[in-house]
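Supplied in structure tokens, the structure appears directly below.
Chain IDs A, B, C and D follow the sequence of writing; residue 1 opens each chain.
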Amino acid sequence: MKINSNFDSGNIKVIDCTTASNIQLEINKDTHSDFFQWFHFRLQGAQNQSCKMRILNASEASYPEGYEGYHTAASYDKETWFRVPSTYDGKELVIEHTPEFNSVFYAYFAPYTYEQHLNLVHNAQLSPECELVSIGETVQGRDIDMLIVGEESPEKKKIWMIARQHPGESMAEWFMEGFLGRILDEDDAVSRTLLSKAVFYIVPNMNIDGSILGNLRSNAAGANLNREWAEPKLDYSPEVYHVRNIMDKYGCDLNIDIHGDEALPYNFISSIEGIPSFDDRLKNLLEKFIGSWIASCPDFQDTNGYPKNEPGQANLAICSKHIGERYKCLSLTIEMPFKDNNDLPDPEFGWSPERSILFGESILHPILQVVDQLR
Amino acid sequence: MKINSNFDSGNIKVIDCTTASNIQLEINKDTHSDFFQWFHFRLQGAQNQSCKMRILNASEASYPEGYEGYHTAASYDKETWFRVPSTYDGKELVIEHTPEFNSVFYAYFAPYTYEQHLNLVHNAQLSPECELVSIGETVQGRDIDMLIVGEESPEKKKIWMIARQHPGESMAEWFMEGFLGRILDEDDAVSRTLLSKAVFYIVPNMNIDGSILGNLRSNAAGANLNREWAEPKLDYSPEVYHVRNIMDKYGCDLNIDIHGDEALPYNFISSIEGIPSFDDRLKNLLEKFIGSWIASCPDFQDTNGYPKNEPGQANLAICSKHIGERYKCLSLTIEMPFKDNNDLPDPEFGWSPERSILFGESILHPILQVVDQLR
Amino acid sequence: MKINSNFDSGNIKVIDCTTASNIQLEINKDTHSDFFQWFHFRLQGAQNQSCKMRILNASEASYPEGYEGYHTAASYDKETWFRVPSTYDGKELVIEHTPEFNSVFYAYFAPYTYEQHLNLVHNAQLSPECELVSIGETVQGRDIDMLIVGEESPEKKKIWMIARQHPGESMAEWFMEGFLGRILDEDDAVSRTLLSKAVFYIVPNMNIDGSILGNLRSNAAGANLNREWAEPKLDYSPEVYHVRNIMDKYGCDLNIDIHGDEALPYNFISSIEGIPSFDDRLKNLLEKFIGSWIASCPDFQDTNGYPKNEPGQANLAICSKHIGERYKCLSLTIEMPFKDNNDLPDPEFGWSPERSILFGESILHPILQVVDQLR
Amino acid sequence: MKINSNFDSGNIKVIDCTTASNIQLEINKDTHSDFFQWFHFRLQGAQNQSCKMRILNASEASYPEGYEGYHTAASYDKETWFRVPSTYDGKELVIEHTPEFNSVFYAYFAPYTYEQHLNLVHNAQLSPECELVSIGETVQGRDIDMLIVGEESPEKKKIWMIARQHPGESMAEWFMEGFLGRILDEDDAVSRTLLSKAVFYIVPNMNIDGSILGNLRSNAAGANLNREWAEPKLDYSPEVYHVRNIMDKYGCDLNIDIHGDEALPYNFISSIEGIPSFDDRLKNLLEKFIGSWIASCPDFQDTNGYPKNEPGQANLAICSKHIGERYKCLSLTIEMPFKDNNDLPDPEFGWSPERSILFGESILHPILQVVDQLR
């Protein structure tokens, strides 16, 4: 019996792996950072053994409430990710599972690897509507990939969609896979209509290094990218630095930043009520966006979410707030659960890649409702 | 060079097939009926020859205006159906094409065969949400297949969806394939929500005999099923007879009947404005249905369509009118084009199987908007 | 509960279908013929009921010994065909099964429909190596499809492969699907080498009418095509008439005729030992063919099979004998089991479409071994 | 325009990438080693530009003759790898290409990534015939994956198949994918027969670290694994150390080691003629293996290859020689080309993943021929 995490987005520290009924583990901190919560490892040699895996430092994780009511994702083939019963007693996260096969992966959420990312963006560029460009390099020197979807013209709205500033929120890239698959579908009437009105600038993974490193929230330099938008630095937060520069070049009429939330078992939006420029126009746009998404997708709701900022109290270092203020445009943080959507729970799979993909497809509807009023 | 139509939904009469530049054809009348318009045949031995196929009796067809601005569907592999340039001069429909392969199919629209039908309904029954039942036999003794989707309970709305009363309107069954694929998707939030509120009774092909026979509008006895709802007869229109009986057994809160229209290059709804029971409740439901579909699917519109019936002037022998009146419920005829949707034209493929499938998926949205008010 | 067989290759007569435990059936005779053995029907409304289906006239079938040790093929989705326990007591074939779904198909062997046939040949023609031609019409006026694979040139060997003279032997067309898939694979070294040395003339279904009609051995006129090769008649056996004519036009260096055998649970060859022209050359070729196939495919064997004809005693009305004599060439009848290959039994699926496909792929090996000596 | 190689198996050093017509590159040396030859990089921003990429240090590579008559593999989607014209003038390898898309990968051969490896072995373990075990860790601490195929029993032959000791020889893992796909096919008669006679111990990638690092021949410690079999060391060559230990535990009746050869445009075998124990039994086995593979797969040949060792002159540090001597068993090195098989050239794709897969399937034939005589 052995545990390994030496692969894309792997993260675990083995304290003791000698007894199936008492496997002791710890999650490593993010690179140059104190955040930690994401785990991803492979257990071998435990087929048909009743395993109890204890994550000893769970209570010290960044969002220990994220482990309450949470069940761990597992897979035998890296394709189907089901949930296995897990409990959090305020100290440890305990995963109990009797693997049916000799090798099994456990993860905080179904991973989306760099290889999948490269396949995604290169497959997308085959579409005549899509161009793939590198807009700079990450801290560790990887290409930052941006997809431009739609033929550019001045009157078209500029819509930005970015995902995975926080690398452990892998559902954000599953969401992007869904969104891209639909927006590039030449038979889809919504997509065709949107592309006659808007150009999309898409960064499916803002934090490639952190994703590979198995981080929850930090890039390779230890930066929390979603606190870097006020003053991105080329050496510390180049991912934001380059994206913001390109945004300034092309402009922005709508900004959508895709995330996952550790604690709340719902899909929701956090927006720009607290930015100085928030006005009736933006309020109406925001309400229309939210209202039409609620009406069209029961996996989305607006009842549960973060407390809204008081007027003027927004933290302008955060992407959606900063971009909303910078361009006086509608700007949204989308949050998906690590756990499940409690309005439509699925005990077997929880919130999943498949549902994230469909949720990514569903966002075309509210975008279509607001696209004509975005500028 | 030879032409054959001896296969599922084949229909053509060869007058002269000796010269590629002057192939003369006629469309056969529907079984025991004067309707004709649908054609479907296979041309062999004409690879790389410039062929001119003249349908000599086009002007006598049921809807000659259906050939104006129409282009013929063609396929080399029975999977991809593209359009080839066709002209109608008021007398003949002329198809001009230089086939790239030795065998090529031409059809009025991409066919949906009985084999595809059987695959569709049997694949559907594998879903735990779906049951396949035979509710009687057609004139020629084939099973009339009905799918029940969702677990039945009294408080749930009863939603009926039927397609292809007119067998030549094959896009109606492609639509059904799309609808079924989505409603049975266990990850789709719209589908899951709908199935918590409604049960679906689905007849993907009301006119199996006519479909196989290559008819436009009639069943094997010569009946136009969509004029049989007032008094369906077991021997002449058993397909309607059985479905109406089962409807009476289960009840009906919403009825959707899927069709294709030969002439109009748009998707639209024909409804129940002219039935005696049409009232504000039904009017509001209808407007809500139409409005939400327009908003969510640019392939749907309400500007072009049939003239609405004056109050009380509806023909109650027609399915949607009859069922609307019989159950005082919202009841809709959905029409798709044989040609294209002129609001979003696609010169290469016209209105197509792929788009019919997506359109069938899109109808879940307006259903979701009205489901709570259906009774 | 009801039974229907009104579809492609359906065949059953319902005597009594009121009680699940005592369903009484008979097999219909072939069209204009006394042969019968093939059955194919759909049972509905029997989910979770223990069904006993008695085929009352089994002992009068053409090959009652075919029901000894035989188990019936069944499918819920027309894609996966598994076996259900069946017994033959010398009078009746009794099928016992508790269907898991409401609609279930039973067949003597997994069917291969006309629709599959049309898909097969039209998909094949997309290959640059393959041309699809119609060489005449069946009794009922359907196209007889021939595929020419490889670029023709005089020095290349002419290899004929035909299948399904006996329409109930559907495994023969599954075999063809396998063969075609491999010979058209541009990456396969065996295929590429063979196509540099030979041209293939392939008739994947010799008896399309009989296949659709649910016959065991006869075409629509009642002809047993495999007894028609001496004097094929345009009206009675046009399928043989046309193929033999085209053979005369192109020549033949190797002829392979694919069949299924009702009784023997083995794959084997019946050949031309009894034709007048059988000599050492043909004997050596035959032995090499058989030997190399045995060595390369454990699903093939030469221990069990038909008694070999005494010299000069072959029936020259049979395809393989006739063609062997007509062209002094190697000519083979390939037989596959309806039951299973007892050397490698598979209780769950018996001999199956998948295994027939692989067996069709495997025949390229012995062909490659003899191709240089065929003329 | 920019070039990046910071991904799985990437390897290039950019000297100058400012002018499309004069892109200057160098290949980096293997980790802690002087070997170099493998390259793999991504070019962006050069769509529709005529690019000339010069690999300046090609003549100093490990096998400069490997660049003669060689054409570079390229891909826009990481799935289809075609060849682009390349020339070697004795100093530089020059790749000339006008990319059709904005991002394009170039590689010495179509890569097989660690992600693909993990998918391969985990998908394989789902088969009831297959068990996945970790037998130790690489220098960098990754799991060494071994698949055991077939139920173990003493009388069964023990057949070892290992691949990619030299990590740049990615065709070796494509070969393994083909082999595994076939041996696990439950419908394949050859596979079923082999598994009744033998158990397979399969290491699809012997050098995972080196593969990820973009090395040609070395592991992460700089070891050429295929010279380590006499005295493998836990710290320097743990991959060989662990595999040889497990071999000693299970025994070995046939050993097959899969490689690629830079220079020779052929598939061939290098064997054990030079080991002390080489005798008539091994000679006969070897001849039978080679002869039957030639007969069954035209992509294999025995005319071109390495000079055979004189008796007793084999280097027993090499895997196939060492294992042959250690177990007195048939032991083979399989070589595939980086270029093409000149007997069946394919100018568009050269030797390719698809052909490597089919070649891996083809090896079951010669194994079946010798399996009964292996011990």
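The definition used in the following text is that contacts are C-beta pairs under 8 Å (C-beta built on N, C-alpha and C of every residue); 3 or more make two chains touch, one makes a residue touch a chain.
All values derive from a computational prediction rather than experimental measurement.
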Interface residue overlap between copies chain A and chain B, same or different (over half shared): same
Distance between chain centroids, defined by C-alpha means - chain A, chain B (Å): 41
For chain B paired with chain D, centre-to-centre distance based on mean C-alpha positions, whole Å: 54
Chain C: positions in contact with at least two other chains: none
Chain contact graph, described as a line, ring, star, complete graph or other shape: ring
Complex contact set, residues of chain A against chain D: 2, 4, 6-8, 42, 44-45, 75-79, 101-103, 105, 113-116, 118-119, 121-123, 125-126, 131-134, 137, 140-143
Touch list for chain D against partner chain C, complex: 185, 187-190, 192-193, 292, 295-299, 341, 344, 346, 352, 354-355, 358-359, 362, 365, 368-369
